[in-house]
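Next come two complexes, and both contain chain A; in the first it sits with chain B, in the second with chain C.
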Partner chain A sequence: MTKRSAILAALAFLMPALVSVFLLRLWPAAVAVNTSLIPPGSDTYGLDNFRYIFTDPVFLNSLKVTLVFLVIVNPLQIAISLALALLMNTAVPLIGFWRTVILLPVAIPQSVSAVVWGVALRPDGLVNAVLVALGMEPQRFLTSPDQALASIILIVSWIGVGYWMTFILAGLQDIPKSLYEAVTIDGANPWQRFRFVTLPQLRRPLTFVLVANTVANFLIFAPIQILTAGGPEGSTDLIMNTVYTQAFIISDPESAAASTVVLVAVVLLIVILQFRMMRTEDGHD
Partner chain B sequence: MTEHSRLRWLRLAVIVMIAALFFLPLWWMAVSAMRPGDAIFRYLSPLSPWSFLPREWTAEHMLGIWQGSFGRAIFNSIFVTLVTVIGGLAVCSTAAFALAVIDFPFRKSVFFVMVISFLIPFDAIAVPLYGIMRLLDLQNTYTGLILPGIGNGLAVFLLRQFFIGIPKDLREAAFVDGMGWFGIFWRIYLPLSGPAMLSAALILFVFQWQAYLWPLLIAPSPEYKVAAVAIAQFSNEYQANFGLIFAASLVISIIPMVVLTILQRYYSTSVASTGGKE
Partner chain C sequence: MHGMNRRTLMRGAFVAGTALLAAGTAATAQDKTTINFLSAQRDEVIQPMIEGFEKAHPDIEVIHQSVPFNDLNAATESRIGQGDTSIDVLHADTPRIPAFASQGYLLNLDDRRDVIEAAVPNAVDIEQVSYDGSIYAYPQWTSTQMMYFNRKILEDAGLEMPSDDPESRLTWEELLDMARTVQENGVKYGLTFQQVDRYYQLQFLFESAGAGSGLTGDDMLTPDITNEGWVKTAAWYGDLYENGLAPRGVTPEQTDDLFINGEVAFMIAGPWAIARYDANPDLDYGVAPVPYFEGGKPSTPTGSWSVAINPNSEKLDAARAFAEYVTLDPEGVYLSIAGNPNTLVNAEAYKKYAADMEALTDKIGSAIGIISHETQNTAAGRPRSRGFVTFETIMNRTFSDIRNGTDAESALDGAERQLKRALGRIK
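This part shows the complex of A and B:
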């Protein structure tokens, strides 16, 4: 096997994937950058589109809402998935089945989950029925500016935590038993075992989940478009919904392109920042 | 009972309760699909066992959904997903093979680009991609629906990991026997990779069955509409007929639920081996 034949073979094997990377990622990214730099009605490059979106109250609001959403939803989902993984990391009867049940929502289209939860969260729906049965007041949920975002968080967490749990569970199962035996001999209590063995050993899967989860939540779209259209009063106007609205509802391709560029740049930044974070923690451990 | 086994039973009880809580919305959906329309909300106040167990059954909604365009949408979803899985396996496994097995310059960089393409979800780029697909005249076509699903970074990653684990001796022996790269891929690597291919197939399946934003943009005509998009519009059209909405939701959900329940092991390991392990 000569070097040249290896290169040719690699090229042949990679060709379909390279074409799709070019067609589906690089080309559209280049188009977005190009469109974003040409102000409407102009044929010279400039930053007007970015100046415009960063003074547009709708866009600024959606940045704020997205940030608030991420700051709440990420720690919440990671904490719940970690708790679920710890709970499910055991050999009780039918454990595989119970895990699958919690994983099921992720396989269902988000649009279906949104529709079903939309009915469940109606004033006369399932969730209020449960609240009333527990002696609490019925709530407005998706129609209240104060509760709509929390309702969206409930829905996307129901969808996602089983998926994230799967990563953490795999990490838990990789921890050598001998580590626990060693600290138990040293007299460690369950909290100390968790703090000094489990948590450091889970660093890799937890970091992965943090990154992947942030990116997934950043781009939540179906529940917003179907349930609230960004409302009430812009309280659930996540960035993907704003980009969609700019592009297809108010037909402003320049703003949509500028927003897309910002969106992709932020996603890239999150990914890089979080990998950095993981490295510095590395030093402490 | 020893304290240890009592704790174990307590833990099982908590697990079952949590699983039941997660399943409750799905169960409610299924029950509501099969009870008369006026019974869906009637049995909710006050909450009682009858909220979750139908007193009267009806097949009215489960049969009713097939009268409109919903059957077509389900067919589209199944067809598009099947082709995506087959095409995706072909594209991703060949790429993964080159990245794992063949030694060529810039291999790391090429792999890096693919990993980044996996980290940046496809939806982020959907709006400009829509412009390109319109340029290529792929609106309202199966090709337009399928294309974005076949290059899946996760599947490439997973298959590459698996291929790396296959001993080098096997392909070196094959070279000595005069086998070419394609022969090695087709006759040695693929037959050894059943479970990994199944895992990759599941990733592709779940991705495409779920897809919402892209099909909404590229295939709005009734002829090419997929189920995930149809259900959202269904719920506007049939505002008052919750029975039909739940029945359609049930049909769309039951397919991935059954697949996942049967193949859970492959899905979980595939998911887990793409993050957290090296």
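This part shows the complex of A and C:
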């Protein structure tokens, strides 16, 4: 087989993948960028759509809410996942049972979890019944502008931590036992073992979890759509809900495209920053 | 139910089998015109109409394409808007007709005005399918709202049953007194709206208070929701929840259960709720006309689905035949509610619908009397605006905020500012 025909054969095998990438990824992205640059009712390019969304209180609010949400939800989920993974990596009795219990919410569709939690968090729902039984004040949860975002964080974390835990747990089980034996001989206490062996060895799985979790949380949509539609008073109006509303409810595809471009740019920027932060001193990640 | 499912399944299998056979002998099959009907209804709702039509027109085959309600807008816009000819007939939600008609997505039906007006004599129903003085869809169904009450709860509280006579309807003031009494008597909630926070179900409160629909101007693109009547009525709505008379945090899907379980005494809901309530033999309920504000006028929600034609369709004759069969031919119209108890606008078919509904009168009061009266006399449609969907979306969120305790005046101020921007983009 000549070199040229080998390349052709390779190309033929790659073609389905390349065509899919082009049709399903690159082409829609190009269309979105193109749409975002054409103001409604015009056929010349301009930045009007961006000017419109950046003076739109609804869009600006959703950017703010999304950033607040991410700053809280990402560290929280990763810390809990890490703690759970450490716990599940010890010799607890019935370990298989506990792992299953923690992972179980992953098997339930996000929308179903949202509906069930929505009922439980109703002002006359199960959670308040428990609070009252324990002698506490009932709370308003999703119906209060001060508690709704926290309630959403609770719901998505309940779904998410088990999932992210499995990646960290896999990473923990890859750490050679000999490293722990060595530092124990050197007199390291449990905190030092965690700080100087476990954490550095977990760099790879943690980087993956951090990046994937950030992206997943940027794109949270179903619980918002089902439970609050962005309210009360815009307090849970995460950016995907705003984009969806612009595109499919108020039929403003130009604003939706502009918002999508902004969203992708912000996600890319944050992910790049995260990769840099997680890089080791010698330049390898 | 089981038997029917199996029968549907068998029929499906038979059709599939026949289709396979037909594919093998396609060359000998006779020429058939195939048209596509796009709707947000389940297949069970549409199939009876299609079967009836195909029997009457053996040379035309109708294929139903069902999309979720929230996607119908997007589907109409992306497909008909791009000149797609693969949709011939479509279901159009009446408040969305101005937006679609103004963009040229719907065929102008003025040449059939005489026939349509003869079959559908109520002017409100014609207005619902019109934009800019022209008719753009065949009216098919309509809707109204009634007040359902739980007889047992009222009896236990020593209250009189509300009358089913529209002339002696309750005022909101009287109703709230009754609601408070049942709540003091141990019932969880006094009243609820079936579709909490939705403009469709709350517009009539503002109309009854004389505050207007919320949109004004020649093109109905100017918001008017901060006048005294709007603020007062919105505050009244918020108070229902602030005082615990009505439930916070409940979604529209959950309200029927509250009524069926006897957790709420009064329920404002559409006639279609009868199907669900009647399926619960333990529920002893009755119907009455919806209340009005003292000093105001009675008003009720209305509007539903209509049938429109894609102007790009290459089979206009067949499309027209199908659209007219399901809206103007009493037989087809009646079949259109075989799988879904909607109220009809076609005068002939309505008689048959009324006779069916009459059978319920002994048990729950004259629902058909209320429906007939309200659709003829008190119906106030949603504003005919190209910006209706934007308006509705922002209003629904505002009602939700008010229900959750946001001050009515500041919520409406915020909504008006947002509406001015968003509707300004449409202008």
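Methods note: the second predicted complex is superposed on the first by the 271 of 285 C-alpha atoms of A that agree within 3 Å, B and C clash if a C-alpha of one lies under 4 Å from a C-alpha of the other, contacts with A are read in each partner's own complex, and residues count from 1 in each chain.
Everything below uses one rule, namely that a contact is a pair of C-beta atoms (placed from the backbone, for glycine too) under 8 Å apart; a residue touches a chain by one contact, two chains touch by 3 or more.
Everything numeric here is computed off the predicted structure, so don't read it as measured data.
> Pick one for A:Val68: touches chain B only (first), chain C only (second), both, or neither.
neither
> Identify the partner contact of A:Gly230: answer first if only chain B is touched, second if only chain C is, both if each is, neither if none is.
In the superposition, A:Gly230 contacts chain C only.
> Going by the contact rule set out at the top, does A:Pro40 touch chain B (first), chain C (second), both, or neither?
second
> Please indicate which partner A:Phe248 is in contact with in the superposed arrangement: first for chain B, second for chain C, both, or neither.
Both: A:Phe248 reaches chain B and chain C.
> Of the two partner chains, chain B (first) and chain C (second), which one does A:Ser144 touch, if any: first, second, both, or neither?
Only chain C; A:Ser144 stays clear of chain B.
> Applying the touch criterion given at the start, work out whether A:Val58 contacts chain B, chain C, both or neither, answering first, second, both or neither.
second
> Among the partners chain B and chain C, which is in contact with a greater number of residues of chain A?
Between chain B and chain C, B touches the greater number of residues in chain A.
> Look at A:Leu103 in the shared chain and tell me whether it touches chain B only, chain C only, both, or neither; answer first, second, both or neither.
first
> Please indicate which partner A:Pro123 is in contact with in the superposed arrangement: first for chain B, second for chain C, both, or neither.
In the superposition, A:Pro123 touches chain C alone.
> Check chain A for residues that touch chain B in one structure and chain C in the other, and list them.
118-119, 124-125, 247-248
> Which positions of chain A touch chain C when the two form their complex?
Going by the criterion above, the answer is residues 40, 52, 56-58, 118-119, 121-125, 140-145, 229-233, 245, 247-252.
> In the complex formed with chain B, which residues of chain A make contact?
Touch residues, chain A against chain B: 1, 6-7, 9-14, 16-18, 20-21, 23-25, 27-29, 31-32, 35, 84, 87-88, 90, 92-93, 95-96, 98-112, 114-120, 124-126, 129-130, 132-133, 158, 162-163, 166-171, 174, 204-205, 208-209, 211-212, 215-216, 219, 221-222, 225-226, 240, 243-244, 247-248, 253, 256-257, 260, 263-264, 267-268, 271.
> In the complex of these two chains, what residues of chain C are touching chain A?
70-71, 73-74, 77, 99, 188, 247-251, 254, 389-390, 393, 396-397, 400-401, 403-406, 411, 417-418, 421-422, 425
> In the complex of these two chains, what residues of chain B are touching chain A?
It comes out as residues 8, 11-12, 14-16, 18-19, 22-23, 25-26, 28-29, 32, 41, 44-47, 51, 90-92, 94-95, 97-99, 102-105, 107, 110, 113-114, 116-117, 119-125, 127-132, 147-148, 150-151, 156, 175, 180-181, 185, 206, 209-213, 217, 227-229, 231-232, 234-235, 242, 245-246, 249, 252-253, 256-257, 259-261, 264-265, 267-269, 271-273, 275-278.
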